[in-house]
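Alright, structures below, take your time with them.
Heads up, the next two complexes both have chain A, just with different partners, chain B and then chain C.
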Partner chain A sequence: MNIATLLAGGRTRLGSHFFELLVGVGLAVLLFDLLRRLVTDALRVFDLLLFVKEGIVLGLVIGLAGIGLALTYSILHFPNFAHGDYITMGAFAGWVVSYVIAGLGSFDLRDLFLIGVRGDAGGVVVGTSVVQTPVAIVTGLLVAIAFTILATILIDRVIYRPMRDEGVITLLITSVGVALILRYSIAFVWGQETTTLTANSRPQFTAPGIGVQVSTHELTLVACTLVLIAGIHYMIQQTKLGTAMRAMADNPDLAAITGIPTERVVLATWIIAGGATGAAGYLVGLETGILAFNTGWTLLLLIFAAVILGGVGSIYGAIFGGLVIGIVSNVALVWIPSDFTTAAAFLVMIVVLLVKPKGLFEGVTTA
Partner chain B sequence: MTRNRADDLRARIGDTDLVLVLGVMIAMYAMFTAFGLLLGLGFGSIVSTLQQITFLTAAYALIVLALNLQWGYAGLLNIGVAGFMAVGVYTMAILTASPDPGPTGVPGFGLPLLVGILGGMLAAALFGGLVALPAIRLRADYLAIVTLAFGEIIRIAVNSQTFQSVSVLGFETGTGGSRGIQGPTNPVRALYYTDPSNPALGRTEIGGVIFDAFGALGVEEPVVVDLTYTLVLLGFVVLFYVLLTRIVKSPFGRVLKAIREDELVAKSLGKHTSRFKIITFMTGCALMGLGGILWQGSQSLVTPDQFDPLLTFYVFIALIIGGSGSNTGGVIGAALFVGLLFQGPVFASRLVSNFAGFESAPNTFPDAVAGLGSLDVQPLVAYSLSEIQSLRFVLVGVVLILVMAKRPQGVLGHRKSPAVGVDPYRRDPDGDETESPTDRGNANEATENDDIFFK
Partner chain C sequence: MAQQVYRRHFISAIGAGGAVGLAGCLGDDNDGNGDENGTETGNGDENLDRTLRVGVVQPQTGALGAVGQPVTDAATLPVKQIEQADTSLSVDLQTEDTQTEPQAAISAAQGLVDAGYPAISGPLSTATTLQIVENVTVPNEVVQCTLGTAPVISAVEDNDFLFRTSTSDEFMSRAIAQVATEKAQAETVSTLSINDAYGQSLAEAFAEAFEGEVLDQVAFDPEETSYTSQLSEALSDDPDALYVVAFTENGIQILRDFYADFDGETQILGSAGLRNPELGDNVDADLTNITGVDAIGAGPSVDYFTDLYEDEYDRETTQFTWQAYDATAVLLLANAAAGENDGASVRDQMREVASPNGESVGAENLVAGLEMAASGTEITYRGVATDVVFDENGDIESGSYVTYSYDESGALQLGERIDIGE
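== the complex of A and B ==
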């Protein structure tokens, strides 16, 4: 009898740690193989650094885009499937303004409005870039932020607010409807082709010591992301509004009972989330140099992966998750063909969910 | 006496369901016939249009019914539907493709079609198990995102060059990458042609008679073949419907509904809920595989584009319109989605541009709104009609939001199907005349499970 109990106990213990054990062994094998490749020169150190750099840039893009999703996910308690299309919306709004400022006088206004998706005013001829047209880029970024804030508030007032008390699945499906409306309204106006947004030539810097090249647009992205993260961190940790947001993320009913004006907090959440999302959309366009009506939608699943990886509700988790996703999907090139890098990122998300169903930053709800 | 009343009621309610479905289909047919007549199409073209509507409705209905088992009855939110369909269809295509397909084709194992179909269903079920086994413990919204990610992984895999051609145990095969893989020859063609893969070699006796009869009415040969296949598909819809209704009414189905309503209660009653959920998920995936094979697998070429994640959302929209948790609602939802949201706008726009007689639509949006300054709306209208493909999706989004806001239970979602084997309100089984109002009310609502109430 004792043996039977012991066996059963052992099996349960093994069962509960089985996945973790498996993942640990897998990681160890990969790390060992990476070192072996570096030592035997099957992989050059420079290539690995390049992968890591590309990974960090992609990771920051995803992380920045994930902040807005993490905020609304934790405070409104539903996964917003329209988030990807908020990104696209911000990008289009901002880039139209950038094009108009950069190309006014030398191009037809109608062509500038179409930002190269159709018409004659493509990014290469208009020459939009941080160095050549800084005013256009900064104004575009600000417009992207402002426009996305206004649009998200409007969408919330008309659609989400009357459904505030519905269940998570109802809101999830509603957000799919919002996503379809936004995406195909953009496709209706601009068409379904992909446009090249920026000028061909971008000044490159060579990072000292490691020899990896970094473009000005990547630097802009990193700088803007860090500033935004710092601002949001301050707001959430140091202000009264931030405290109220954390309270609502933790327990909405309790927050309402203690006298927190929940609707005003929700409004503030959409403003912050919308602003971060609009900025992310504009900067994604700047860094990748391309934009289409479904840019945000294709990014959305990676963003979800990042947010879930970090543990829903934590903006630091979202950024950390973004970096993990970005680096994994680039470093994975060491082992797998380039078609599968996105699949590798999704696989990492699934594995993390199996091992730690609440994400890596489990229990830390910093809003 | 109770018996008779029960039979009457059952017959009446059963008929109501059938009448509902038939009514919706007749309304669709009437609408598209009217479209066809107004557009000046011939009899053959109208028949072809109606065939397409029926085909799409049946195809959507198959997938919607499979999804209804997972979501409507067990509450498992699976948004990787397109991925599971792809697994089924690709497995079937690889198993049945000829080992020597010629220069452009992808070689396969050359097995009989039936083996291919069963293999496809099995593969879809296994992949379903692979996803469900670990993921079933997760929260509903996490499960949704995991299944969506899985669907994307599948699409990336079949799209990649790596699997374009691979050798398995010495056999050359593959997915064909983005160029796709050829589907099997549709077996219904054997009814009409002596050589199903090459119509030029002559017709069978039946084929000759039927083709001549339809040809006299102006219906062309391919339309007749498609019509026949559509009938086969309708047969499968009935099969799916009967199968799912059986599952749902069984003790197994009652546990599922208990899980959907309150998993903790089901667990407390000693039900191994995880096992129920995994079995349901795998069964649903197998049916999605079969539905995918019958739908996308019947095309001459199977490509990754046919399994876009959007397809999953279409299926969801169809199910939501009809009302999740109701099989009849699912079929009606499929018909409404195909007729009103998917094909309707296209025909409506053709009709408008036909009658309005616009010269030519402006190429870009700014050109289209330029006329508004001088109060000329015609360019904008013409542009809208030329971009109807995009507007159609906007319409889908609007309908989805309206349904969720105004009637989240869908058209037929008001039906109650109690998760009990015996009517708790029944007093005396042997024809007691006194009848409680609750009894009456429940009996009227219980259409899915009507026989529970009258044993």
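== the complex of A and C ==
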């Protein structure tokens, strides 16, 4: 009996280590192969660096978009499937304002409102870019943040608050409903076609010695992401509100008993998450240069993957998870055809979760 | 199996009942007599006083919704011509939406077959066509005339019930290969194509047709936020030209990434999706290195069709409208010649109404042509898209294409016409 238990325990321990060992060996083989390809010129250094750069940009896009989701998940304890459409909503609100500011006088107001979906006001002719129309871009970003905050609060008051005490499944399905309503309201006004937002992302900067080009809009995205993360980090770690939020994330009932005004914390959470999400939507539009009614929905699966990979509820986890997903799905091109790279990114997510079931940032509940 | 047989009995019962109800005096047609050539077409008056039944399945929503709506309009135009003309022939038309989804396409086509339609015109995409052929039209012995362009459609086991009035991508690839060699003067080409049946079959057919060397063949997922990595992979062996097979929206993004992250010196060969007058408004670059090929309507009666379509719907003809008109027109002519709303009889007349030695029929005299076919006169349908001559696979034997390019200001320019035959 004892021996059997011991044996079983030993086998389990060996089993779990065996899996980690396998992952390690697999990684070593891939790394070795990568070096071999670089040395034998089967892979150009330029290509590898370009893959990494593209991966970082995509990773920041996903990670930035994931901050809001991680925040609301940790405080409200349900996965908000409407998150992707909050992103789209913010992007549309911000870009309409940017177009109106950039093109007022030269174009019909109605065409500008439709941001190039119909009419004459296409991205190239309106000429929107950080360098050419900085005022329009900054105002658009601020409007995107403000509008998304207001809209998320409104949706929370009308829909989520009355069912705050319902189960996760009820809230989840409701959020899917909210997602559909938002998405098709946008499609009703702007149609289902993809529109071009920016004229170009020049000037481009060439990294010395490497040859990889970095555009102004990519640099803008990186800078804004860093500022946002720093701001949210300070708020959560240093302010009284942040302490209350962390308390609620750990144990909502205990937080309520301790006298924390939970509804006000929820409100604050939606404000921060909504602002971050609106900014993400606007900046995703700026970096990719295109927008459609389903842009956010398309990103949502990757965002969920990043948030889960990083450890659900952690904003650093969301950023880090985004970077892992982004880099893996681009660098995987070295070995596999491009239609399978997203699958590769999800495979990495599953492997990570098998080794660390709570995600990479397990236990570090930051929000 | 048992269910299949049951369904067929059920349908033939419905079909017979319907025919009796409609015509009243159809008389002595006994089901399944082995008369292969449809020689019962001779007796005039009875055949001139019939209702021709045809179903149209096209995507009106979903991914191809925007392309599908004008195509549906074109596919129903022959019916409008008959309704507006002074003739004793009448038409019973029903239109169904495939939603660009194989499953929805099957139920759309099944609905038409259950209602007793002997012939189906459409749909647009290869994927939905293949599902309808396998599950609906061939098992129920209903003729189908599709617009799908993938070469795989030629090889389908269809018991000769499947035809198409669009030309196979093999022809398109030969046209683009010709442009690659002659206009772009490329000796090496890489391909970057959308990862569905359309993109993959076009890229493969191009690799077959191109005389030079094909270096890399990269497929892309249409939902990426950036295509820089895919472009870098496709350009890694430094080809003279890159063949981009994409729909307009992915195409715009691919071109934006191409001009932003690479030197822009590689020639771009474009599929139909890169032909768009608004491309210059969406891509801020010198687009003069793009050359492409798109299918056009160039059949004998294309001018008449163009006027008719623009008068009726108040918009210009777009891609696949020509082929859609041909599909419905040829199905109706074969039906008139067959003299009965029966799939196998209509099938047997499909090649007959397009055989070369008859009275010439086109969009301008379609109704007269239907009457001639019904009274047993030998006719030759001369199409809107191209000359409709079906080969043994039910494919069209020739295709007409036009080259396009962009000038310094980003405006779309159409170039010379390219005709590709067997």
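Assume the second predicted complex is superposed on the first by the 352 of 367 C-alpha atoms of A that agree within 3 Å, B and C clash if a C-alpha of one lies under 4 Å from a C-alpha of the other, contacts with A are read in each partner's own complex, and residues count from 1 in each chain.
In this text, a contact is a pair of C-beta atoms (placed from the backbone, for glycine too) under 8 Å apart; a residue touches a chain by one contact, two chains touch by 3 or more.
Source: prediction; values computed, not measured.
J.: Could you check whether chain B and chain C clash or fit when both are placed on chain A?
T.: Verdict on chain A: clash between chain B and chain C.
J.: First (chain B), second (chain C), both or neither: which does A:R110 touch?
T.: Once the two structures are laid over each other on A, A:R110 reaches chain B alone.
J.: One more residue to check, A:R183. First (chain B), second (chain C), both or neither?
T.: In the superposed model, A:R183 contacts chain B only, not chain C.
J.: Just checking: does A:I290 make contact with chain B only, chain C only, both, or neither of them? Give me first, second, both or neither.
T.: Second partner only, chain C.
J.: Contact-wise, after the overlay, does A:R44 reach chain B, chain C, both or neither (first, second, both, neither)?
T.: second
J.: Which partner does A:I350 reach: the first (chain B), the second (chain C), both, or neither?
T.: first
J.: For A:L333, is the partner it touches chain B (first), chain C (second), both, or none of the two (neither)?
T.: A:L333 contacts chain C only, not chain B.
J.: Between chain B and chain C, which makes contact with more of the residues in chain A?
T.: Counting contacted residues of chain A, the larger count belongs to B.
J.: When the complexes are fitted on the C-alpha atoms of A, one of 9-17, 243-251 or 279-287 in chain C overlaps chain B. Which is it?
T.: It is 9-17; the other listed stretches have no clashes.
J.: Can you list the residues of chain A that touch chain B in one structure and chain C in the other?
T.: In chain A, residues 192, 337, 339, 342 are touched by chain B and also by chain C.
J.: So in the complex, which bits of chain C are touching chain A?
T.: Residue positions touching the partner: 65-66, 195, 218-221, 223, 225-226, 228-230, 232-233, 236, 249, 252-253, 256, 260-261, 278, 280-285, 410.
J.: Where on chain B is chain A touching in the complex?
T.: Answer in residue numbers: 77, 134-135, 137-142, 144-146, 148-150, 152-153, 156-157, 159-162, 313, 316, 320, 363-367, 370, 384, 387, 390-394, 396-401, 404-405, 408.
J.: Which residues, counting only chain A, touch chain C once they are in their complex?
T.: Listed in rising order, the residues of chain A that touch chain C are 44, 46-47, 50-51, 54-55, 57-58, 61, 116, 122-125, 192-194, 196, 199-202, 204, 213, 215, 284, 288-290, 292, 298-299, 330, 333, 337-339, 341-342.
J.: Inside the complex, what are the residues of chain A that reach chain B?
T.: Contact set of chain A toward chain B: 19, 78-79, 109-110, 113-114, 118-119, 159, 162-163, 166, 168-170, 172-174, 176-181, 183-185, 187-192, 301, 304-305, 308, 337, 339-340, 342-343, 346-347, 349-350, 353-354, 357.
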